[in-house]
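Labels run A, B and C following the written order; every chain starts at residue 1.
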Amino acid sequence: MKKQPNSGWIVLCMVILILFLLVWQLLGGKTGGLPGPIPVAKSAWFFLSDPFYNNGPNDQGIGWLTMYSLARLATGFLLGTLFGVIMGVILGLNPVLFKALNPYIQVLRAISPVAWMPLLLYSVQNSGVTAVLVVFMASVWPTLANTAFGVSNIKKDYINIANILQMNPVVKVFKIILPAAGPTIVAGLKISMGSAWVAIVPAEALLGTLGLGYFVWNEWNNLSLTSVIFAVLVIGVVGVILDYLFTRLAMRLAYVD
Amino acid sequence: MIGKEPDKSHVGSIKSLNDPFDGDVSISHNCCGHSHSSTDIHQTADTEAIADRAIEEAVIRGLFKGNEVSRRKFMKLVGASTAMSVISSLFPLDAAKAWAKDASGALEKTDLKIGFIPITCATPIIMAHPMGIYEKYGLKGSNVVKAAGWAMIRDWAVNKQVDCAHMLSPMPLALTMGVGSTQTPFLMPAIENLNGQAITLANKHKDVKSPKDMKGFTFAVPFDYSMHNFLLRYYLAEGGVDPDKDVKIRVLPPPEMVANLKAQNLDGYLSPDPFNQRAVYENVGFIFKLSKELWSGHPCCAFATSQEFATTMPNSFKAVFNAIVDATAYSAKIENRKDIAQAIAPRNYLNQPVEVVEAVLTGQFSDGLGATRDEPDRIDFNPFPWNSMAVWILTQMKRWGYVKGDVDYKKIAEQVFLAGECAQIMREKGYSPPAETYKKHVIMGKEFDPHKPEEYLNSFTIKKM
Amino acid sequence: MSLLEVKGVSKYFTTPETGKEFCVFKNVHLSVDEKEFVSVLGHSGCGKSTLLNIIAGIDSASDGYAFWDGKEIGGPGLDRMVVFQNFALMPWLSVHGNIRLAVKSAFPQHSRHEINKRVQKYIDMVGLTGVENRKPAMLSGGMRQRVGLARAFSVEPRVLLLDEPFAQIDALTRGSIQEELIRIWLSTGITVFMVTHDVDEAILLSDRIMLMTPGPEAQIKDEINVNIPRPRDRSTIIEHPMYYSIRNKIIRFLSTKAVNRKELSLVA
């Protein structure tokens, strides 16, 4: 049977996983140290076998917790995308304005979204809204920067065609500018999504809003490292899935020039 | 009802309810603050009369600031009816009585959110939920909501995301004064617990005997405005160690204290339970001193609400106040402690191993040095918020520079710590609260007179004023 | 007045590195009448594309006037449709989609059915039936320019502005597309203005050829009437007696005027 040249990586991937588990099993499990893979697996089974229980506002199933975190993520991310794309298009089409605002954008972009949390909480005075705004602050800057860059680098020919065809500005944006800058914008969205997911976990832990971040803190409070490791794995897996969704979106919008 | 003498033959066992308008009768008593056994209350007493009398007494006590001699002189001088009219012109007695007796008013809000930190100090707040005490007072749908830290619960309370909250005793005072946060008037209707803390040291410090051995140590406390911080500082200062110069005190969340002790980043901490017992359970530390050994019966955590909640939703406020007093009295009984531990240990409440919680609540524990001890008042529960405790806290806040300038000790203490109102509710339930709201306390062998706060402050050599 | 009149038009650029002003062409005059096929022929870098852009309204003159249909040119329009050298097709749209974009802009009130009919008509006209759903990346250079032509014709402009339209297409394919162009031009009666550097192409297609000197300060120095009767055939036109005299005249013009090529750094 002829071996397919591309499938070799799958085997290697599995081998690495098995090696990792073996090393973990060897190093972990000593009393007082990190728990090994088997206690973590047991803990994972415990939580995953009943993912939607509801035991009041302080204790709910991992399914619910993930959904709450994702809901906050979705809201904040959509807001960030909307604002980032709109501002990005405006700045991309106005080079002077872009240059003038760019230093401020770079400064804002460098600030960790979680560092905004106390200021946001103080102004907004609501933990739930603050969590969403932290996600917004994480996702807006990469999107804005990429959109502005993509729009300002559109081939002049496309704009010329749009002008010759007498397209009004709205049609121009939706039919020419956004599709042309599409791949760059989606690349920005992918980065933003990653940044947002990373930010939501500590934000939840600091604000006490029910979700995966809260779960990590609650289990840490009980010094239950198996649960904490399980939570970390869940967060990682969800992050991978989100990233994959954006990769698919990028593939759909890609074009060959 | 005003001025009517109650039938004294029925009120024999209610020691504190003598006629405050009678110049010949003393109304001062030496009462301990504990109300464990309240079985000697007769239910046949005229409850309305008792309530009236209780209000009158509280008001008059307040007016005469507990000074018995001047009260009796005054009453003898002017006579009861004159005194009555004078006093009611100064203080709305009728309104107060009406407020107290109005238990039938519709609750403005029944689904209250009560914030708590998952430590054993919050036992009454927490256990009132699984044991149905909130429901008993009409607060259907109320829930206890877990916060990750004191700053978080402070923000929740100020932002009205919770209606009431578990707080550290100094916090309502700090919030009302605008120290360390935006100024928001808060009330502390009841104390959550007495004692319930300990100094835990890392296992390598088993030879440490006194503060002198602790120079250069790094300690942790859960929050700046906490009894933990003030007691630790007091303890060190009494031993000649300056807490700001000779040691390091850091603020950390309790679970991180245990982890840091293990990682040898901390030498010790003064924290709430169950994290002291947890260090023993995890084999990383031992219990050096229980906080009750420093000040027996010291206040620890509080049940607090904003003043706004109490004034805009007085019926709900009263209901939850009642529930807390009830829950606290139930928790006080040592025979209930084991059941309570079972109820509050699970994931949605304390999220701690049941054995650790039981050890703390029952007071039967191993101390990490090989001994097994039995201290039933390792943690205790009594709601009465002594105004004198508030004054002590204020002196310590001034001592360490958290508050500067002149402090109107009495005014703030009485505004925030609702000793009078708590006493009244306790009486309604048939417990016997203390007659006074101020008393002298003994901390590490030294007496504190709440009427002489400035002298007390000046008596310390180590301070940061 | 002619349909298109260019009077004394000059174009200056400031070079970004030195900041010095640079004149591309100076004092250009030309006119184009209805139904004419006129070419401008010159070396690369003489600014002929810039001249076309000014006529198209997507660039502006530094000096002089350009009139279209009696009015001064202020911007681009559907009546002056452009076919670009590098096709300028939207790569995310199919053949059908690219043409549809133009048709929708030109005929906004048409129904969906009418638009699709029109699009198909022009796809068939340029001989691309069957590849309607392909994206430009899947088409050869020649096919892409056919799409460009179809798009241009589909909006029914009054003048077609061609900017070196077949420069990027291989010599073998070029011929057949040139013949398509003539065929459509003859059947629609449209006016055409083309810039090119291909001498044979200019002779084959144009009624008049304007000769432009190389830059800087390029000018239109000569004009040739191509008196070869239509229809002209690629394979037989070289046998026409006028062909080589025209051709030689042009070649002579181009080689003697090719003096200052080295100074040029602009692309036409």
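The criterion applied here is as follows: a residue touches a chain if its C-beta (ideal position, glycine included) is under 8 Å from a C-beta of that chain, and two chains touch if they have at least 3 such contacts.
Here the structure is a predicted model, which means the values were calculated and not measured.
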Quiz item: From subunit A, which chain is the farthest off, judged by mean CA positions?
Solution: C
Quiz item: Of all the chains, which has the CA centre nearest the overall CA centre?
Solution: A
Quiz item: Cα centroid separation between subunit A and subunit C, in whole Å?
Solution: 49
Quiz item: Between subunit B and subunit C, what is the gap in Å from one C-alpha centre to the other?
Solution: 90
Quiz item: If you average the CA atoms of subunit A and of subunit B, how many Å lie between those two points?
Solution: 45
Quiz prompt | Residue ranges of subunit C in contact with subunit A within the complex | solution = 56-58, 75-78, 80-82, 84, 86, 88, 90-93, 101-102, 105-106, 135, 137, 155
Practice problem: Over in the complex, which subunit A residues touch subunit B? Could you list them? | Solution: 32, 55-59, 121, 125-127, 205-208, 214, 217-224
Quiz item: subunit A touches which residues of subunit B in the complex?
Solution: 118, 143-148, 152, 155-156, 158-161, 253-255, 258-259, 262, 278, 282-284, 346-349, 351-353
Quiz item: So in the complex, which bits of subunit A are touching subunit C?
Solution: 155, 157-158, 160-161, 163-167, 171, 175-176, 179-180, 182, 253, 255-257
